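Read from first to last, the chains carry the letters A, B, C, D and E; within each, the first residue is number 1.
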Amino acid sequence: MEFTLLGIGILTWITFLPVVGMVAVLLLPKNSKDAIRWTSLGVTILQVVLAVVIYSRFDRSLAGINSVAGMQFVEQGTWIDIPSVAWFGRVHIEYFLGIDGLSVVMVLLTALVSFIATISSWKIDRSEKGYFALLLLLNTGMMGVFVSLDFFLFYVFWEVMLLPMYFLIGVWGGPRREYAAIKFFLYTLFGSVLMLLAMIALYFSTNVYIDGAGVIHSIAEGTKSGLAGLEKIHTFNLLAMMDPGNMVPGSLLAGWETSWRYIAYVGLFIGFAIKVPLFPFHTWLPDAHVEAPTPISVILAGVLLKMGTYGMLRISFPVFPDAMLHFSWELALLGVISMVYGALVAMAQTDFKKLIAYSSISHMGVVILGMASMNTQGMTGAVLQMFNHGTITAMLFLIVGVIYDRAHTRGVNEFGGLMNKMPRYSAVMVIAFFAALGLPGLSGFISEAFSLLGAFQTFRTLTIIAAVTIVLTAGYMLWVLQRVFLGTLPEKWAGLTDMDGRETFMLVTLAVIVIFLGIYPAPVLDLMNASMNSLAGIMQHAGTTGMMGMQ
Amino acid sequence: MQTSLFNGVLAWLPNVQLAHFLIVSAILFALGLYGIVTRRNAIMVLMGVELVLNAANINLIAFSRYGGLHASGPALDGQVAAIFVIILAAAEAAIALAIVLNIYNRFQTVNVDEVSSLKE
Amino acid sequence: METFDIVFYIFATLTIVSAFVVVFTKNIMYAAFSLLFTFIGVAALYVLLHADFLAVTQILIYVGGILVLLLFGVMLTNNVVSVDIKTGTLNTIPALVAAAVIVGSLAAVFYMTWSTVGEPATAPTATTRAIGELLMTGYALPFEVASVVLLAALIGAALMARRTRKP
Amino acid sequence: MSADTLVTLSLAVLLLPLAGFVLMMFFGKKLPRQGDWLETGIITIALGIALYVLFQKMTTFAGEVGSLRFTWIDFHEVPGIGPLKIVLGFTIDNLAAIMMAVVMIISTLVHYFSIGYMHDDVRYSRYFGYLGIFTFSMLVIVLADNLFLLYVGWELVGLSSYLLIGHWYEKKSASNAAMKAFITNRVGDLGFFIGMAIMFTTFHTFGLTEIFAGLQSGQMPLGSESWLTVAGVLIFCGAIGKSAQFPLHVWLPDAMEGPTPVSALIHAATMVAAGVYLVARVFPLLTADALMVIAYIGLTTAFISATIAIAQNDIKKVLAYSTISQLGYMVMGLGVGAYTYGFMHLVTHAMFKAGLFLGSGSVIHAMHGAMHHQHDHHTDPQDIRNMGGLRTKMPVTFWAFVIYTLAISGVPLTSGFMSKDGILAGTMAFAGFTGHTLIPIVGFFVAGLTAFYMFRLVILTFLGAHADEKRFAHVHESPKVMIIPLMILAVLSVFVFYSWNPLDASHGWISQALPRPATVVPEHLAATEAAEFAEGVHHAHMPAMLLSLTVAGLGIALAFATYYWKKISADRIATSLAPVHRFLVDKWRFDELYGTVVVGGTLALTRALNWVDSKIIDGAVNGAGWATRGTSFISSRFDALVIDGIVNLSAYLSGFGGLVLRKFQTGKVQTYVLFTVASVLVLYFVFRMV
Amino acid sequence: MTDRLLHDLALMVPETVLTVTIIVALVADIIFRRSRAIVPAIVMIGLTVAGIIVLGQPHESFAIFSGMLAVDPFASFFKVLILLSAILVVVFSLGFNELNANGRKVGEYYVLIAALTLGMMLMAGANNMLMMYLAIELSSISSYALSGYTREAEDASEASLKYVIYGALSSGLMLYGISMIYGLTGHFTFSEISSALPPVLEQGSTASLALMFAGLLIVAGLGYKISAVPFHFWAPDVYEGAPITITAFLSVASKAGGFALMIRFLSVSFLDSSVVTLGAGSWAVLPGFDWRSVVVALSVLTMTVGNLVAIWQNNLKRLLAYSSIAHAGYMMMGLVVLTNEGISAIMLYFVIYLFMNFGAFYIVMLIANKIGSEDIEDYRGLGSRAPFLMVALAIFLVSLTGLPPTAGFIGKLYLFVALLNSGWVWLAVVGALNSVIALYYYIRVLRNVFLRGTEQAAAPLQLGRLEGVVVVLLLVPTVLLGLYFSPLAALAQASTKMLGMP
């Protein structure tokens, strides 16, 4: 599947459009605030349009995951090519973009959430220029992570997000924004340096052949073709790393189920787990969410958290199937702890936003549990949950934002009876809350159900414990609902107004998606189905046959 | 009596060899370091530095004479090196004294430990 | 025991004792004069090592140059009229320990490593000419560089010592 | 027309209320009369179709099962499983057709009743909308042919129940009750979900037909027979929650905070009966052990709630406990294997219990009106001690109420007599087969209790003298739109609709239509075989009938003796048995127990974890104050930096390390020299040793 | 003989040019006493010409003047770096208010910079212990004077005093070490030391003790040049007190020279040429003096101490001083692996480090020109007053942290690559964790700049056009090398060819 505009691939467009937008925003004079806003919005609208194009042209029958033939909209070219010297091999880093069923879902989500977040940023009234420029840069970072198939490129995008996020929280955030921002930054950086080391180790443990035209061939392929004109190089190509046939014999990560592989896996895992965030790496999240401005919370919860789980599925699973299988129980355990723990701690919160933040931890635990199951149902559930959590939590944070904009407080105990005062708001809110607590008919249910069903197949006891969160989530969600929306309206909030058109538009858009996918998830599931089956196949194959079978 | 005592001491002292020069050098080196570390007066610190350089020179010349552990025997390289050391010692002394004078003009003291406003 | 040994011990003692005075005396003038004896002692050791040219150079530059420079420094930085030429010390104990350890370990290393080296077989010759030749051939580059160093030192010293009005 | 057409028609029945809901939510307020006519009209049409479907099913397509299935999600070729599709579908068999008709009848009547009862409510249109979504959700359960859709409907009725209980959400008690209902139900759903997961893991399908087929072919859930029992019990957990069975029955009495018609529809007739329906649906896969558990749960529920009902004074609470008790009966009936009668009791109970609630609604409406007239806002209009003598003022309500009461008490010629008698006969047969004699004993005892407390209610409400003469003057019979449904339900509580023989329902059409389905579990796990059991029931029929008549008569007599003729002083008994009385008034203290242990425990845990999270986990990484303050030489600046928010544990250590290392930078150059020389020596000795 | 001399001289042209420049500039300074521009102009021309000549030198290895000096791609690489830094420093100095205030004479300043540059270039090429000593002394003596150049300032005076004392001590230690090695081998030239050592070490175990002592003393001297902990003590104080241009120069070029010398000395002098089984680009160390372990220890100490103490700094100049100490620690990791890969990683790092560090220092200088302070607290709210400068500062600091897509990341990446490829996982982890710590203090600056505003709205700071151009010139490579580093990496790899190395 190819699709280009002006000779440039669509994935490049969707990834780098925001950078173009950023430059445009930077060139605009500081005072033309509306122009800045509309430029940013225009860029995100274009991204949505491109996402729709991708969606419509996406071939649902291709699996991707570890085969380049199964990747779609592939753009593969040489980015860095340093000729070899006697003692140092050729360094060849690819500009390798492509999506499969796993990433296309995330691309759609990113486009959608960025769009919503940009609308939600309309009320930002301080240094708009800087804000929108950073927002757009962040956007590129997120999109880039989801379309990169070269580890190096992936890592660059991964890190590119950090700084904009730091400033977006740090400059436009709440009272303790500095603390939250630096905490976010340090945590994530800690994770990513470990990831960096794992990445380099992988680089040296992977060999491929490169031909004169700069095209990569796996070792098996190269050997078959007789090695004419081929040069053996290390590579950051993720797909090459997934093929055990490309392992460099005797290298650090060569072999199967070795301690070094486990160590590298754990390093990678910590990098991703911090982003998810998985218990016990989660403590940055509540602070970051509470202090971040609403649109940033939306992006943080809507997209950024998914990068952790995406990274695991994209990289940890196919590259380290042995370690993944080895640690799957531990992974599931952490997922379950996150679920239960997040729900319990959420219940104790009185800050609306913090509560939602902890609920995110709980919901992302579902993703982890689902993917740890290593079967199609569980992983499908997990990826769908990533998408659904993105939309639902975006709604929840927007809901918090709406009330915070009006009341300038987020204490759940300070409200009551908003249902009468703000009927439209309440209607959307009921949808969001019930979606979050997994009510059938709304999207959250399906993904949670399949995650748990899949997990049950693999980990019975853990899943049963995890299922307790079904009750706990209902508990805290309804409790908030009661405290904020039911009961009688306190005197001081008599002046609150219902949502305006802009807010309604954002929330209703998301609500429609939530309901639609709740009834008919197939449009999203079909996208990823082939990929999930393939991934599950890889894992099961690795589990049953070990390394010999992989080769 | 006097002579016999003198002779006795001499008899007790071993014949002078390379190691003797080296040990003198080691003592000078240590004294120089001691001077650098302990004297408050900057000029006396510089004297310590000169002791260290002299110690090194004794080494160089002694090795030049005895040939050291290597098989090649005596060579003049050590002496030539020592000349350069002496030259550089002079250069260094010159600039160091200039700096000390400047300090004296600024701070009205040459006590090194009193010039310590740059610190944590 | 030969004359050589006796002379060595005498000058070695001179060198070391005067060096002791340099670092331990409180009076800066005493220190400066003791340093003179140290330099002379070292020069004598050079002679014992058949480095006649070096010995002369040592006397010339060290005594004639560096020591005078130091004395100038002493003069310029001490109010000679008052007797404030004594100086304090600091870090004495740790420095003493460090110095002792250095002497101990260095002497041990030196003794163990080089005690086997005997008297050189070759007879000593005059070194001045040979050194001159070396400086013009193998050591031409260092020679030139040394001149640049001296130039830089000159500029630097002139710059730093230049009297300026106080701010 | 084929059986499948019936499904299509049923889908119309299913979707009409949903359409009603959507229309009411978006346009209800703007329509004339706030759109009650629209929603009611839609429901009425749906009722018509539902009755037609039932008729067709019973006559033309008696032997056929219509179904409509569609692939909802296609997982294609799944590794380790093969092709996997999530196929969902609807089916219309006898069970579903009857249930659908019952739901629609009650729903329609409640809709009409509500027009009168709710006429000046603030959220009138929304109320009708909620009724619509409830009806839809309930029908999803009824029509589902698979566990997944059952679960979906299961949760959706939970939602509508939540919305309707919390309809008057300004009242804290109402919103509390709504929450309690939803969360308690979720506990049950948890079990249901896991049961479903077990089935799915084994059979890779949710379809009941496929699961039954799989079991029949000898495949056991998770490969073991005990898991089969466990799965059955877990699925039954869903019923425990929804049908308010012990130990999750606590939500139902509180649910009476909702409007009374809602209580009639949801919390008496239909939704709470869904649990029974679920058990009936999955009946074939239940093992003997699972059925035993079910029977005992039902028994316990029936007994506990009957005893509580005696001591309650709130008219709706009495009815609520009576509902729980009757649900226990049904569950017990199914548990012992009296499938037909258990389900039949569901139907008959739906009619008379809906009637009872609507009747009580009529009474409350009247009381409320009278009190409103008097500007009395303190007296509780639902407390039966404030009532009495209403017979004269509200004759229609009274007579309807009496008929319902007779039915629930199991007096012959009523519908309730037939079904209850069948269940009791079943328990006796069960005892005969298995030796569990406790079940029939308690069953009969509860039958007596039921008669007693129901007549207590009738007597205190309608007979005797009214508590307040002035108020009595203002009490009026309810409007027609309310009393006509009462009359219809009263008629439907008579035996003829279920069987021509008032003493034996075994040849009635329901019994014929709902034979006990054949089990699919392996023989050695199965309960007494259906035919054998029917034989046993047949033998137990006569003694059971006589016994039940006796206990019902005793109960009624006792009620009259106590409350009408006052031969026995209720107060004296209450005083002499004070602890017991107190215990019953307090509903066996379940709320307190759960409140302290479960809710309190959870909340305590949440608070503890929150503390742990902010202080320890975050603190460990984050260097909370204690670590800093404990270290004496760390300056106040460090604290300031902590507040500035820098320091996580690593940063704490880093900062600490930095502080220590800074000490070396004294500013005295000779000290530097000393450090340098010392470092060289240290390095020398370290490497010398290596 | 004459041919030989001419040949050697031809390879010495860059150094000769600089020497001539020094003399011409000195004379010009005396002749044109009024002109402030003539000396910098001459120096600039001299530096540029020297640079061009270095670039044009043959890509081969030569030992000139009896093996005193090596002219090889490795040296040339560092010479270019040093000359580039010198040019930048001259440019910086032209716009440095503190230096040009009070009608101060600046002629000597530029002459000394040229002398310092010459010293560092000799360090890059020194192939003989005597040359090593001379080169270090030349650069030291020039920098003593330069760091105290604004000598009416007490800070600068104090800095020069501390510098001279510490420097004299360090060169004394080193010289003593040199004398001992001479005693062991009888040679000063690196490669001859390497060939003379094995028989010496066979004579007895105590010889290795002497070698170790001597080696440590020399490492102390070299460590002082690159400010490696625990030989770094002078650095923070001198960096803080010296004029900022000199601080920048010392932190980049002086380190570069020191590194070049250290790499050459350690790897060539202690090369074990008997080990031939290693792969291409790797080499082995002679037994006796395990300098690799020493470098590992120093590297870990250096980066950790540098970063940890940097956290506490409030003066941006001093903070950057510690940061440059930490960076020396990172770079030393490249030496540990004993491969050309590691060396090329160091070289790559240096290029990147040059741009980002100079960038940061330049902006600090510009801000000091404007607001007269280097205190981090005074940077509050500058984000709105000087948005362009501060965004540039942010990029430089992020690059110093080592985050993509800036060049700093590539530098770290190459180091980690070299380490992991040789199995030094733990050291890589230490390095990686250190960069997390580093983030904290860099971001602290940005926090004040962007996150904390001043109470009253201050006027925006005006930026001169030339200053803007210089910032952009430094900024472009900092970003561009992060995105496309092929040529640089290729160059660094090609330049590891070192005289005396396999």
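Things to note:
Criterion: a contact is a pair of C-beta atoms (placed from the backbone, for glycine too) under 8 Å apart; a residue touches a chain by one contact, two chains touch by 3 or more.
The model shown is predicted, which means the values in this text are computed figures rather than measured ones.
Note on connectivity: the fewest steps through touching chains from chain B to chain D is 1. The chains touching chain B as well as chain E are C, D. Put simply, the chain nearest the middle, going by average C-alpha positions, is A. Relative to the C-alpha centre of chain C, the farthest chain centre belongs to D. When chain pairs are compared by their number of contacting C-beta pairs, B-C comes first. Among the other chains, the CA centroid farthest from that of chain E is the one of D.
Note: centroid distance chain A to chain E, computed from Cα atoms, is 42 Å.
Chain centres here are Cα means. That of chain C falls 31 Å from that of chain E. As a whole-number value, the distance joining the C-alpha centres of chain A and chain C reads 70 Å. In chain A, the residues that reach two or more other chains under the touch definition are 178, 182, 186, 190. Among the residues of chain E, those touching two or more other chains are numbered 130, 134, 137, 141, 144-145, 148, 151-152, 160-162, 165, 169, 173, 183-184, 203, 207, 209, 213, 236-237, 309, 312, 433, 436, 440. Within chain D, residues 646, 650-651, 662, 665, 667-671, 673-674, 677, 684 each touch two or more of the remaining chains.
Two chains count as a pair here when they touch; such pairs are A-D, A-E, B-C, B-D, B-E, C-D, C-E, D-E.
The touching residues of chain A, when paired with chain E in their complex, are 79-83, 85-88, 91, 127, 130, 155-156, 159-160, 162-163, 166-167, 170-171, 177-178, 181-182, 185-186, 189-190, 193-194, 196-197, 200-201, 203-204, 252, 263. In the complex of the two chains, the chain B residues touching chain C come out as 7, 10-11, 13, 15-24, 26-35, 37-44, 46-48, 50-51, 54, 57-58, 61-62, 64-69, 73-74, 76-77, 79-80, 82-84, 86-95, 97-102, 104-105, 110-111, 113.
Interface residues of chain C, counted against chain D in their complex, comprise 90-91, 94-95, 98, 101-102, 105. Chain C makes touch with chain B in their complex at residues 1-2, 4-6, 8-9, 12, 15-16, 19-20, 22-23, 28, 31-32, 35, 38-39, 42, 45-46, 49-51, 53-54, 57-58, 61-62, 65-66, 69-70, 72-74, 76-78, 87-92, 94-96, 98-100, 102-103, 106-107, 110-111, 113-115, 117-122, 124, 127, 130-131, 134-135, 139, 142, 146, 149-150, 152-154, 156-161, 163-164, 166. Of all residues in chain E, only 161-162, 165-166, 169-170, 173, 209, 212-213, 216-217, 220, 224, 230-231, 233-234, 236-237, 290, 293-294, 297, 304-305, 307-312, 433, 436-437, 440, 444 touch chain D in the complex they form.
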